Amino acid sequence: MFGIDDWFRRLYDTSGINFTYLYDAYDRGRFLAGIVLTLELAAICIIASIVIGVVGAALHGSRFRVTNALVRGYVALFRNTPPLVQLFFFFFVLGGLLTFKTPYGTFQLSNFTWAAISLSVYYGSFNIENFRAGIESVPRTMVQAAEALGYRKGQIYLYVILPLAFRFSLPALGNTLVSLVKATSLAYAIAVPEVLYVSSEIWSDQLNVPEMMVTIMVFYVTLVSIMVYAIHRFEKRLRIPGYSAGR
Amino acid sequence: MTDASTLPIVRIVDVHKSFGLVPVLQGVSLDIARGEVACIIGPSGSGKSTLLRCINALVPIDQGSILIENEEINTPSLDKLTLRRKVGMVFQQYNLFPHRTALQNVMMAPIHVLKQDKAAVETRARALLKKVRLEGKEDSFPGELSGGQQQRVAIARSLAMNPKVMLFDEVTAALDPETVKEVLVTIRELAEEGMTCVLVTHEMGFAREVGNHVYFTDKGKIVEHGPPAEFFANASHPRTREFLNQIL
Amino acid sequence: MTQHTVEHQHPLSARSSVPRGRLARTALTAGFVLSVIVVVTVPLYGAYAATGTSAGTLETLAKWAPLILLGFGLNLLMSFIAMGIGTVAGVGLGIAQVSQVSWVRRAAWAATEMFRNTPTLILLFMAMFLLPFELRFGDLVIALPPWLKAILGFSLSMMAYVSEIVRGGLQSIPTTQWEAAEALAFTRRDTLRLVIIPQCFKQMLPPWMNVYAIMIMSTPLASILGVHEGLTITRSAISAEGQPELLAPFYLFLLALFFVYSYPISLWTLRLERRYAIKH
């Protein structure tokens, strides 16, 4: 540790290039906390948005016109309005409505919670579309073949449609999740101390804007690359030999 | 077999080519005389198509020499434009441009590459389509033509550049048996007009009838060659015989 | 040329005898009209519910609406200019990604990946803090107000997205087409211009429009940097009035503006996607 601290302190003294979080324990502490919070927010939103996607796609395919229409409306509304305005709406409007006094103190959801809800709901609408498109690209002949073999509807879903649909929707799902991870930076706007927010604190204290900019950029590019690699590996593991998807 | 007084139009000397670690051509040499119809036969993966692609520099060679009209093409200073004006190529999958009509496919290269006058090119293109018996199909898109028709458009497209040598890369391999004939007739007419043709083919009957010289390649080498009558009657190399027995 | 209509029907849903195309179009139109009604009435209801007497809130909203609309106009303007710059730069970068010169290819790939994987908000911060407030070329001074810097930040993001679309489009054309053009002695430029791009243009259109949708949806980010676009003005209006019950109707009004603009575009994109998806 001593070597790195010293080297970057000397770099600052000699060149003015100031990576404070590499030699200053306080800055390092808050920067690492920001990274952890970004990762937590991303993980929660990934899981929640996938759950919303699966449930939404299932409801979308249901026979009840009402649920079908509701899901369509949800997808249309959330995909066609800006995520930042949605976040403000959730945080300021719903957050305001959901604040009330209890005998034990004021009940209020945290900024982090609202960011997680808002991003999950927004990207959930994308995942509904991803899974729905995956289900639709399962060839009808496959379903007919299963019907001819005497499968029941539920079985056809479980054994034929879902395994194929999931594979078909993986590339689009991957893209959505990458966008989601990048969009966690929106939480900055409601003062969630994720990596961009802590970086802005550091650069206003230390006046090292370019250094911090480069740092966050490297952080996000690395994070996204790891994700893309992981998704690619996953796709490869699920690939069906001799069957090319979607064509 | 070449006439001593005329230089061969294509001279290939000891050509080597590998794709990565896989050797594809391992010392191929052959001469093709002006007006000759050379047929290259052999099992798949023996390097026939690669050899053809080397002749018009679609694939650069690692070692050896290829001379077209006595000009070396294995050199960094090669003018690919001049080379490809001299050497036309027709592909197994036709490779017509799907967004252009038959006539436009034929006209594109002379206009854009040779910068020739559009009206003159159109007259010539129509004549070429007529020559390959596609009169009336000028305004059809490739997707609306049969395989055999598309392949004849591809031949006309190549001829529009007025090449000295035509390369045919398994041009009938993707066709229905009925349409193979119409393409072969076109090539035979070209040969009769004196066009130098190099064909990679599986049509042994055609090679025997129209070819002047047959080359048998295997594992990146020319194993045996000769005039078709001789070649098909008394091929001596065991690998040639094995191949001919399988195919005939 | 025949048009393929893709059967985007749920595999298990009942088959209907009505022609799919017309049914889908009717459903989409109905859905749109319904959505507009919902989007317009919900803020009104919100206003009504919040105040008990809708008149007061509505009047306040009416007072501010022209200014918010003006701000929304800046959102549109930023999206147009950024999309223009991003498209031109992105097409160049995308073509560079399939260059035959390996260092050009690698540099273009690296630039694309870098800007594509960095959140737009961070690109905006970079444009804001790292660009000077004016550019000097001798006597020529070009001022760089925040909205112009924001446009440059957005453009970087768009450039990277467009670059990927172009690379994907160019590489989707079979290599045999490149080979055939090369055998006919086309130059690389002519091959792209006459053979490759005309073939992939159509299929690049829907993803390009999707990128535009992403673009318009990210313009409110400029608000964080103090650009006076729709969101900034909405927030100032709310705080100027100082009444918390205005929050819901004002935000819903802004959301409705974006929705009414964006929804028809996304329907159109979907139609183009379906039309081009199946063609080979």
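Residue numbering begins at 1 within each chain, and the chains themselves are lettered A, B and C in the order written.
As a convention for this text, a contact is a pair of C-beta atoms (placed from the backbone, for glycine too) under 8 Å apart; a residue touches a chain by one contact, two chains touch by 3 or more.
Because the structure is a prediction, the values reported are computed rather than measured.
Undergrad: Give the chain pair that accounts for the most C-beta pairs in contact.
TA: A-C
Undergrad: Determine, using the mean of C-alpha atoms as each chain's centre, which chain is farthest from chain A.
TA: Most distant chain from chain A: B.
Undergrad: Could you name the chain whose CA centroid falls nearest to the centroid of all protein CA atoms?
TA: C
Undergrad: Rounded to the nearest whole Å, what is the centre-to-centre distance of chain A and chain B, using the mean of the C-alpha atoms as each centre?
TA: Centre-to-centre distance between chain A and chain B: 55 Å.
Undergrad: How many angstrom lie between the centres of chain B and chain C, each centre taken as the mean Cα position?
TA: Their C-alpha centroids are separated by 49 Å.
Undergrad: With chain centres taken as the means of their Cα atoms, state the distance from chain A to chain C in Å.
TA: 19
Undergrad: Name, in rising order, each residue of chain C that touches chain B in their complex.
TA: 1, 176-177, 179-187, 190, 194-195, 198-199
Undergrad: Quick check: in the complex, which residue numbers of chain C touch chain A?
TA: For this pair, the touching residues of chain C are 7-13, 31, 34-35, 38-39, 113-114, 117-122, 125-126, 129-130, 213, 216-221, 223-224, 231, 235, 244, 247-248, 251-252, 254-255, 258-259, 262-263, 266.
Undergrad: Which stretch or stretches of chain A touch chain C in the complex?
TA: By the definition above, chain A touches chain C via 61, 63, 72-73, 76-77, 79-86, 88-89, 92-93, 96, 135-136, 138, 140, 142-143, 153, 156-157, 161, 178, 182-183, 185-186, 188-189, 196, 200, 209-210, 213, 216-217, 220-221, 224-225.
Undergrad: Can you list the chain B residues touching chain C in their complex?
TA: Those residues of chain B that touch chain C are 56, 58, 80-81, 83-85, 88-89, 91, 93, 95-99, 108-109, 112-113, 141, 143, 157-158, 161.
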